[in-house]
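In order of appearance the chains are A, B, C, D, E and F, and numbering begins at 1 in each one.
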Amino acid sequence: MSRENRANDEIRKTTIELNHLENPDGSAFIETGNTKVLCTVMVEESLPPWINEEEAEQGWLTAEYGMLPGCAEERVRRERRGAKGRTKEIQRLIGRCLRAGIDLKKVGARTFWVDCDVIQADGGTRTASITGAWAALKLTVDKMVEKGILDEDPMKKQVAATSVGVVDGEELLDLCFEDDFAADVDMNVVMDDQGDFIEIQATGEEAVFTREQHDELLNLAEKGIKELIEIQRKAFQ
Amino acid sequence: MSRENRANDEIRKTTIELNHLENPDGSAFIETGNTKVLCTVMVEESLPPWINEEEAEQGWLTAEYGMLPGCAEERVRRERRGAKGRTKEIQRLIGRCLRAGIDLKKVGARTFWVDCDVIQADGGTRTASITGAWAALKLTVDKMVEKGILDEDPMKKQVAATSVGVVDGEELLDLCFEDDFAADVDMNVVMDDQGDFIEIQATGEEAVFTREQHDELLNLAEKGIKELIEIQRKAFQ
Amino acid sequence: MSRENRANDEIRKTTIELNHLENPDGSAFIETGNTKVLCTVMVEESLPPWINEEEAEQGWLTAEYGMLPGCAEERVRRERRGAKGRTKEIQRLIGRCLRAGIDLKKVGARTFWVDCDVIQADGGTRTASITGAWAALKLTVDKMVEKGILDEDPMKKQVAATSVGVVDGEELLDLCFEDDFAADVDMNVVMDDQGDFIEIQATGEEAVFTREQHDELLNLAEKGIKELIEIQRKAFQ
Amino acid sequence: MSRENRANDEIRKTTIELNHLENPDGSAFIETGNTKVLCTVMVEESLPPWINEEEAEQGWLTAEYGMLPGCAEERVRRERRGAKGRTKEIQRLIGRCLRAGIDLKKVGARTFWVDCDVIQADGGTRTASITGAWAALKLTVDKMVEKGILDEDPMKKQVAATSVGVVDGEELLDLCFEDDFAADVDMNVVMDDQGDFIEIQATGEEAVFTREQHDELLNLAEKGIKELIEIQRKAFQ
Amino acid sequence: MSRENRANDEIRKTTIELNHLENPDGSAFIETGNTKVLCTVMVEESLPPWINEEEAEQGWLTAEYGMLPGCAEERVRRERRGAKGRTKEIQRLIGRCLRAGIDLKKVGARTFWVDCDVIQADGGTRTASITGAWAALKLTVDKMVEKGILDEDPMKKQVAATSVGVVDGEELLDLCFEDDFAADVDMNVVMDDQGDFIEIQATGEEAVFTREQHDELLNLAEKGIKELIEIQRKAFQ
Amino acid sequence: MSRENRANDEIRKTTIELNHLENPDGSAFIETGNTKVLCTVMVEESLPPWINEEEAEQGWLTAEYGMLPGCAEERVRRERRGAKGRTKEIQRLIGRCLRAGIDLKKVGARTFWVDCDVIQADGGTRTASITGAWAALKLTVDKMVEKGILDEDPMKKQVAATSVGVVDGEELLDLCFEDDFAADVDMNVVMDDQGDFIEIQATGEEAVFTREQHDELLNLAEKGIKELIEIQRKAFQ
């Protein structure tokens, strides 16, 4: 899908459906334009083997990301010989960002498994994964608090993300695949509901960008993420 | 979901939604009770490297199967260190059964990539994959014929599948997860729209079964598959 | 080797040599026509790591299958990058069938490692593996009972297997490689000494078969397996 | 090594030794404080298999990164079961940044293999790799131009990198390991000799940072990189 | 099996059975005491991909080595996650030694696949593999000459091998497993029928040995290999 | 580098720099002509998982070997899909030889990790690794004794190694890459400071050698290793 008549500072229509699946502890299905990601959270009552006793005063959260073979125009090969570099980068990013939103000292010796699977890809799958996974995590934690499994709410803040970029010399908010493909500069921004930053990843894609462009892109990202934070909030009402 | 008040010879409510995704050449989303499988077909204009020139008078069809981590009660690990034995068995089964339904001599030097991804699992995922993937394949081929990519319709027959089994001494049609877990005998049956058999896989699951039980199970499977064939047909009307 | 003047309902000459090797706890060398499989059983005094304490009231039996590189006309590559799908299917089949023949609750916290290695292949290697491995297992268990390692004989039943198929419209018993290659329908059947079924795997190999053909194939298999059961019995006299 | 009496806006003593090794086409040994990285470039007269003919109007550049087992306080395991996520991220980063500095359309159908191996690690190994690898690349290209292998100089710009971060509420330039370990915010910045940006990667390390902190960190990075650009320049005089 | 009443300078009873299997181009089954190795040779009418055109004036020979799981007292795990270091060492040794015995310039653009599979292990499996594989190779080549596939006999010399060692201060010829286990020094020697050496591998197994011991071990090896050369010769009469 | 005007029985200029790196427990940088190897030792306060309790009365020592991609004229690929056969052979050799030099019963339940990384390769990297790694090990152990971590000095003997070979009919000591490439016979010899042998590996590289040649090669090796032992000794003065 092309940008069509969307304004440069406009995000795509975004919806978050909670409880999309029966089995996970929490699940959210996020659609941003044509991008669709299924986010699930499953809680394991143990810690990964590499966490030793000293650290055992807190829980852990780990994220995985995948693309269904039919999600894109060209078939995406299953990563059965190990995850690709891009996949590992995205997984690490999702994990770091969600850990910024939760106080793992309050969850006990548990592991939160977050899975983001792209059902349909049209740009921005990693940022949609973060925005949707936060909702699935919040849902999981709310249920645990309600059932008395957790004494205290460990959620610290909302976490949401979007992409911005420079295409044909113009700064654009929320890149679809066509935008992304044409972009000279591509930036992923993750923020919280206080307006603070969690991650900024800006790359010239083998080109460069000025400080002024950089600042304008951050402004756009701030605007878009503020709207996504509001969409998350409404999904829980 | 338990069997509830479903009769022993009754299949679960089954729906097939065609064109579920935008990008694949054909896609079908099949729901059988709580089991949900997304089936996609993507056509590649070349043959796999292991097919040499002599065989190049025909195309090829290959199938892959996967489970999303959140599809089941316990998280399903991604198979990033190679597919498990069960996965490979299912993939080979789906491929063989679909190849029985299409005349690959009529499709040119092309490869049909069939992907079946389980979104939610409640028993019978491999048989639902076959029934749904046939629909996605049919859809793909119909479009190719319509666009003139294929001169002739290569589809030979409808292919559908179900499972049957013996639970507490009773023969049951279309096992959900709870049935399957309790079954002493488990049988997957694949048939065509002429009432002929494509595959039968019956296992005593470390138990045994008599010839009589075997014959009764085949009767049930014939009944169920006839109904699934009808559901496939209606999806294309 | 072709079928030559063997009748359609005749099995190949089959011999089972017990104690073929010095080191394993039990070993059997089975020859069925030109197919030769070396079956060994080795007992480990522990359980696999994935069996937790609750299940530890019983032992475990696992099977592996391999082909020597020189067993076939074309060299068979060693599976040093992971077992192929076909290998995993066969291993799982052998394991399930043997577990149907032994009461693992009576063997203590032990693992039976069953290995079937094809020295020469001329069709029917998986069914010969089952028939031969049962003999190696029985031998192993007999020695354990004799030495007082086991208080009680855990063997429940004899297990034997053969293949049947439709070649040029005729139903044939015990397919050699040439038969198998030409077969439209191929069925592996595993039974016990009571005449009950443990596994049936029938595949149209991308073709189909009628209920009548299916029933006739089962009749042939029953005849052949009855004879194999007798050959097993004689090997122990 | 701790920060000692280095000012907050001061980089560590940095040296670049060209032609450190005999065999590679170009090599540079960079030392930044206690961090030591050996950067080599080797030119292959062919393109990677995944580049097809259309793209063959240009060359390719790919980077790999490794840590010697003895480079850190705790032994670093060799990555013989595949590169870790962190390694892949760094490799991709180095490759992207160097490609921003060279016009691959002017190098013919060649591949530049860039290798960055950490001999001793004390923070900032990825940014030192970029700064050093640029020098090894420049050296390689200079020799190719001198020998007449290349008609035209493909180098477009200098590329250098440093890290900045927030430690105990203070913004610091060029983090050593001790700083990095204590940092709440960690940012890697890559720039060219025009003062433009190639990459910015800022992460709250599970914390957050304000827009003001972000802007101050960029200021520090600009200062440091300007000095590194000068050190590179001097190495070539 | 212990050394029993075998003299220190005596080899074990050794037999070589040619044409042990139907399918390979050549096969030999060697028994040395209780050690049994099945050696097969299969000829492929192409060269490995890493041999480029310039070298294509000659053929290639490659060897693989494996142990059946039941060959030893403790089950030998299948090497399905890659060959172990020991296996790779042995494979390389067998290949090098056989290539010393054949003039690959006279065999055309062919690959000889040599496979040595240990059916039963009682020490000396690598040296028995060499001695037996030479016979399988000779047999293969003889048939090719006879059929006119090769114009000229490429076999240059006989190749045979044995092990020697120091056990309890005594130099012994042809170590069985028990000897080998107790040996302070272990030496594998490969020679030709002219009495020249192809390989010597002597290891103190974390101990040391004097020049005098070394010389005496070589004397024993020369005696033993002379006898093995004779046994090979007789197998072809 | 060619042999130049070095005599046939002359070793290359060899230096050993102790404490080359800050982080490992011991490190030595050995240069032999143009060959440069960085040897490090790191001590882990535990034993590998495969050592069971009975053996736990002693420590363990394990060695790894690697080549930097830029160490040779042609780029050396990183072994990220598993170590090659040659690598594994060398690693096992280094480990065995060093274990001959230390009494592991005196080091407690510790593992010595020895890493030899080739920075520049010009022949003899495996023998230089042994000679250099011994120095790194000695350094490590000396520090442990000094700090009172070890009560008793576990070092039993010095261990050093060199290569010899036959090139154009002449026996040569200490082969550089050019010699090695041209050699008909190649022999690696490892000895201690008493003049006893730890390992001898002689290979005809698909050629053969006489007993006389063999004896002369050993004489050369003895001469060279005596000199290397002296160089090691001086490094510790």
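One rule holds for everything that comes next: a residue touches a chain if its C-beta (ideal position, glycine included) is under 8 Å from a C-beta of that chain, and two chains touch if they have at least 3 such contacts.
Everything numeric here is computed off the predicted structure, so don't read it as measured data.
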For subunit B and subunit E, chains touching each: C
Out of A-D, D-F or E-F, find the interface that copies A-B, where copy means more than half of the contact pairs are identical. D-F
Centroid-based (C-alpha) most distant chain relative to subunit A: E
Would you kindly say which chain has the C-alpha centre located farthest from the C-alpha centre of subunit C? D
List the interface residue numbers of subunit E and of subunit F, divide the shared ones by all numbers used, and answer same when the ratio is over half, different when under half. same
Centroid spacing, where centroids are CA-atom means, of subunit B and subunit F in whole angstrom: 59
How many angstrom lie between the centres of subunit B and subunit C, each centre taken as the mean Cα position? 28
Here the gap between subunit C and subunit F, centre to centre from mean Cα coordinates and rounded to Å, is 51
Distance in whole angstrom between the CA centres of subunit C and subunit E is 33
Multi-chain contact residues (two or more partners), subunit C: 82-83
Can you tell me, using the touch rule above, whether these chains form a line, ring, star, complete graph or other shape? ring
Reading round the ring, first subunit E, next subunit F, what is the order of all the chains? E, F, D, A, B, C
Per the contact definition, I'd like the list of subunit B residues that touch subunit C in the complex. 82-86, 88-89, 91-92, 96, 99-100, 157, 187, 192, 194-211, 214, 218
For the complex, give me every residue of subunit C touching subunit E. 21-24, 27, 34, 38, 40, 42, 44, 64, 66, 68-75, 78-83, 113, 115, 117, 119-121
